[in-house]
Amino acid sequence: MTVSREVELEGHIIDSGMMQSCFGIIMDLGGSFSVQEFDIGRHKDEESYARMLVEADDEDQLQSIVHELHQHGVNPSDPKDATLVPAPDDQVVPHGFYSTTNHPTYIRHDGEWIEVEDMEMDCAVVVEDGDSPRAYTKVLNAIEEGDLVVTDETGIKVQPPERPRDSGGAFGFMQGGVSSERPSESTIRKIANAIEETKKEGGKVMAVCGPALIHSGAREDLARLVREGYVDMLSAGNGFAVHDIERDIYGTSLGMDTESLDHPRHGHKHHIYTISEVIREGGIEEAVESGTIESGVMYECIDNDRPFVLAGSIRDDGPLPDTITDAVEAQNAIREQAHEADMVLMLSTLLHSVAVGNCLPSTTRVVCVDINPATVTQLLDRGSAQAVGMVTDIGTFVPILAEQLLSED
Amino acid sequence: MTVSREVELEGHIIDSGMMQSCFGIIMDLGGSFSVQEFDIGRHKDEESYARMLVEADDEDQLQSIVHELHQHGVNPSDPKDATLVPAPDDQVVPHGFYSTTNHPTYIRHDGEWIEVEDMEMDCAVVVEDGDSPRAYTKVLNAIEEGDLVVTDETGIKVQPPERPRDSGGAFGFMQGGVSSERPSESTIRKIANAIEETKKEGGKVMAVCGPALIHSGAREDLARLVREGYVDMLSAGNGFAVHDIERDIYGTSLGMDTESLDHPRHGHKHHIYTISEVIREGGIEEAVESGTIESGVMYECIDNDRPFVLAGSIRDDGPLPDTITDAVEAQNAIREQAHEADMVLMLSTLLHSVAVGNCLPSTTRVVCVDINPATVTQLLDRGSAQAVGMVTDIGTFVPILAEQLLSED
Amino acid sequence: MTVSREVELEGHIIDSGMMQSCFGIIMDLGGSFSVQEFDIGRHKDEESYARMLVEADDEDQLQSIVHELHQHGVNPSDPKDATLVPAPDDQVVPHGFYSTTNHPTYIRHDGEWIEVEDMEMDCAVVVEDGDSPRAYTKVLNAIEEGDLVVTDETGIKVQPPERPRDSGGAFGFMQGGVSSERPSESTIRKIANAIEETKKEGGKVMAVCGPALIHSGAREDLARLVREGYVDMLSAGNGFAVHDIERDIYGTSLGMDTESLDHPRHGHKHHIYTISEVIREGGIEEAVESGTIESGVMYECIDNDRPFVLAGSIRDDGPLPDTITDAVEAQNAIREQAHEADMVLMLSTLLHSVAVGNCLPSTTRVVCVDINPATVTQLLDRGSAQAVGMVTDIGTFVPILAEQLLSED
Amino acid sequence: MTVSREVELEGHIIDSGMMQSCFGIIMDLGGSFSVQEFDIGRHKDEESYARMLVEADDEDQLQSIVHELHQHGVNPSDPKDATLVPAPDDQVVPHGFYSTTNHPTYIRHDGEWIEVEDMEMDCAVVVEDGDSPRAYTKVLNAIEEGDLVVTDETGIKVQPPERPRDSGGAFGFMQGGVSSERPSESTIRKIANAIEETKKEGGKVMAVCGPALIHSGAREDLARLVREGYVDMLSAGNGFAVHDIERDIYGTSLGMDTESLDHPRHGHKHHIYTISEVIREGGIEEAVESGTIESGVMYECIDNDRPFVLAGSIRDDGPLPDTITDAVEAQNAIREQAHEADMVLMLSTLLHSVAVGNCLPSTTRVVCVDINPATVTQLLDRGSAQAVGMVTDIGTFVPILAEQLLSED
């Protein structure tokens, strides 16, 4: 026996690859299809529309196909209201709850499509009933008993952003995925343009930074970008802040003078001493106020009111009093920041970039920079449609970026 | 004006490279030396002894040189008692506190040398006075007001383990650092021998595991090693446990059937559903008891009473109820485990391997396995003298290791 | 003023991504299009057909678009005969000559479509007129004065192979590109199946090998695969052969005993001595016949009449008398071998794999194995539609592959 | 029965690690030793001297130990004349011939020590008898019947360069091996200083370049360095020259405009067309003279009389008429260039860097730059004592280097 369901796609479904993905999903999962209607956009600006019948051997297989199609923006053509089931307990979701993608999503409720707020992947969707009903994402551990959680696949519409191929503007270049083989200086110029465009539009730029940025000598230039307002928010770990402050207090990063390259052996002592000094003061802000910290990225954040989140990890020394040691609390702080960002620079850190990336909707512009191609690929695979990757040395990237941004003023 | 201090070295100081390091440190830091006495071991089994005067331009430079020499096992020849200063507040160490290496260390107290317990790097040393005085390490955030903390460099003796070059036995091969260019199967055989020798000596083997181990299909073989007692303890993250359990409940890892390679698109849903199921049960042990989890690495840990630590991170989904989300708590749990381990296998995880490595004395045997040479190098650089690295595919490494260990029984 | 040309696509043009590529090319190059006719395959087995008008600002732009479309299998809908221009001199092609892809290609001559023989990319196409006209590729340096060379874009049809998604059989898994995150043992089993299927169909398997294969201890297992007929041809460099023979004569590879891991210091002397011994004998075959070489990959090639090509490079020591030192001659030898191969295993060598890959039509099955993901990606990007990549350790890959192939007999 | 030989070491034998290596070699190879005399330098500028008796179980083992010690600068204390045996045939060396290191080497002949000319590793040493006898290296394939070849280990003295730790000057920083974790801009400044110092001393700088340099947009800056005389010689492959010239003729590199990043799809056609154009002209010099090539690295080489070697490889398209296709001929051309270089910049090419590195004595200054740490490590391991490595993006490295060199004028 065969079961089937009718689905439809619309938009730039060929150009964006959606149609191809759709065919691929059905066949990979062992189903088949028949195309019922197909209106192709005749010109490059016209949208296309397709309606097709998906067939599978049994209901399980069909659901699995329809689920996958969903994630890629293919929706059932006979929309019903979403199924809502109350959460049986705190942190416990109903069976078969709908797990989100990071794409803009709509829930059908009382015959109306409501946009889901705070889009983020791997969350449940909770609907608040009432006169003006709302839908928003909740991570599993934030679910409260009685929350009305969307289950199954019906009444849900996902809209993956399309990649308009010939878009002009600074973000045009951001359509191409990893640009490891692209000319380095020209690519950095494009990224500088994208930052400027974001700022002109009143957007916020967030930098996610790993300690390699300090070791590679890019600290002073990042500090200038913070001071001059090209970086509005910072997300990093304990290590980044300690290395940055060590350079201020002791003139070294992990014991090496990053200017003269002298004395590479002073070593770890400065690192742990730096932590101890900041603990003694009570925190980074206190240490800035007392004059213990007089320069650097963290200094500029404090001095210019750029909010920062320092998330703890099990490899931290110390940690600093500012570091949020609980992973769930840290995720919440990261989430709040991420939802405000219009453009995110991920600078030589896998852990923090993944954590931030997990909280971003697919509509946020992302630039990933790392010297390890595997890191860049891994970050881009998580899937912002507006993400671009660059494989380069962070120690030369930041100075060139800063020169292009700051000399253009 | 010149200042100077007399230091001495003993042991296999040439063969182990200690003498060379010592000369290098002095010159790198701008000092000079004159050798006062030098007795070289005439035969390969004899130890050598050197006494020399280190000279520097000022006291600061001298201290910095003597500090570095210390870390490498060069000690002042005129030992005095260690300087003890009470901690001024909780989590606040006295100025100039001594920050530990991971080598066996002794503190001179009332004219006697006391061995420091729980050696671990980047800690303070606290001395407990009394009839039988003790000295032990404390991480910064565990310091309590009034703790007697060792400061400065006097009265401290560090003994980096030597690498006896022609040592026989299974660990002989472990002297060579990264073995990325060594024959793969033969190297795995050596590692198998080292595990067997550790078990025969009554030692404990700890496995530190990343999620790639599950994705690459090595789960069943690792589960067998846990069941058969070749792995006594497990240290991992939330992701590892979720992937392992997903394979049990849904037959997939991140949505792919690791046997048939079928259905590569089921995707993320299984991952988040797995977490939800375990939360519903209350934890992994409960899920094993209820029959929800029937196989795999976590199952074998529960079924065979092998303790495990799941440390949280900011990139976790969920997390599982068993995951310790606070980084400091998680470090304490890792620390306790690490101090009990006699041999540690670090299997395709950088974050957790660094966290465990931070807690290990340099005398613990360590094997690092990763397909990324940079990861192996970074782990070995942290410096266990008994560490060996292997650049290989974890998905073929674990099966071949398991076959060699289990077929030999 | 606008210029335009009508083109058509047929086959699985959506599923294979051809339609998406086509839209992308037109827009990337600044053109536009209008779709004139579109018949979509209603079921997964049905082919589709599209006819569209490509528009550009001027003839140059149009030609550049049509050229690119060509490479992806989009052909003008009003075919004319190909333009033939005689080569003005040896090694000199006419202006505007057609440079080939590696896809099956047809030339229209006297109103008939002739298939181009010996397809290979970056070549010229030469037509031999006469009663039964032929068309074949020639590399630039083989062009002779007067050769009739195809120029411009007219009268040429390219057919990139489609990736039939639900193909059964052993090669089904080969549709997925790089499988670095796939389960290792299961993937090797699939590759073993594909080799067996190739052999059953009477096909020939070619191994392209780098010296790392010997260093990593996989020599004996590859030698068995040659002996048992799973490898029919070998393509390698001077270094591979020398390391293989060194292991036979001196029991070492670059001075290390690959079994016992003993004596890692004997060093380079064995390498250069091995070369000297083979030169003394006059070549590998002579050294096998005289009993100087008694085992290994090269031995089995000689003993079982498996043809091999040893191509020289500027980093070679020696070289051996069997090594072809001229790059053009070596390419010709590689070309001849490559055209006979039905399946190619590229084993841990970038240089030789690229050289062989350059000579392969896109219809040949290719498996690339390397521990460096960048190497695998680079090889797959060159574009066999039937290529699959695996990121793993060659030193564990070959033994597991050999066990699966040889124990199944 | 035990056999023994007396050997001696002198110089900075502890600081340079020679003493440690020596002890290690003896023990690794199963021998033992007794130190007969040891005079340690009391101050950092004083040299040390050691004389010791090496013991082994049999003559074979002893020879193997003494051979290894040799390579590291430990010489027998009872020097005899070197053993000379005539080569039995062209390209055939006598049994037991001495295979060279890349260190300065002396041959004892008629009681006198003669320095070996053209030092290079893996060669034979040929002595020309007569009134003023000479000794020089010959690669195996250059040996002629009757050449007097040095065999065995007697009468040979090797002097590995020491690494004077506190050397001032621009090359001081070059003592530290791979500097992947060093601050990028500061390290580039040090390299710029080293180039300037080399030029001031009247030395010659050679650049070894891979095609990635062009793709990454660094072409114009390298061309300026050639024009301004900071690069005196170029060693590259066919691909580098073609990409460089393609950029001049078509404004693209592999089809991409490296300035605007536009039109990434024009593709391979430009590459093969470029080759065809240069073949048509007869060569690069002819194409420069005719005005076909008007800018770029190759143009500046021709225009400023900077000699270049283009060495062929089996992956070349074309090749250009200037490319030396025979590997042995190409090696000879590289060898000649390499022997004239005082400083070598190896820029993002493994193949050509290894080929050049093979011809360099260990006294030539070498800087290796690549984004892949494995490439840098592999090059440094070949062992110039004055080699320094940097892991960075060639596309940002060359512009920053050029700016530092050219703006300082």
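Here the chain labels run A, B, C and D in written order, and each chain numbers its own residues starting at 1.
Note that contacts are C-beta pairs under 8 Å (C-beta built on N, C-alpha and C of every residue); 3 or more make two chains touch, one makes a residue touch a chain.
Remember, it's a predicted structure, so these values are computed and weren't measured experimentally.
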Request  = Quick one: point me to the chain whose Cα centre is farthest from that of subunit D.
outcome  = A
Remark   = Given over half shared residue numbers means same and under half means different, the subunit A/subunit C interface is same
Ask   = Which of the two pairs, B-D or A-D, is linked by more C-beta contacts?
value = A-D
Inquiry  = Can you compute the centre-to-centre distance for subunit A and subunit B, using the mean CA position of each chain? Integer Å is fine.
reply    = 33
Ask   = Roughly how far is subunit B from subunit D, going centre to centre by Cα mean, in whole Å?
value = 38
Subunit A-subunit D separation of Cα centroids, rounded to whole Å = 45
Message = For subunit B, give me the residues that contact two or more of the other chains.
response = 28, 264, 374
Note = The residues of subunit D that touch subunit C in their complex are 25, 28-29, 64, 67-68, 71, 91-93, 97, 99, 121-122, 140-141, 263-269, 271-273, 275-276, 279-280, 311-319, 325-328, 330-331, 334, 351-352, 354-355, 358, 372, 374
Subunit D contact footprint on subunit B (complex, rising order) = 14-15, 17, 19-20, 23-24, 26-28, 30, 32-35, 38, 40-44, 165-166, 373-374
Key: In the complex, subunit A residues that touch subunit D   = 173, 176, 181-188, 190, 212, 215-218, 253, 256, 258-261, 264, 371, 391-397, 399-400
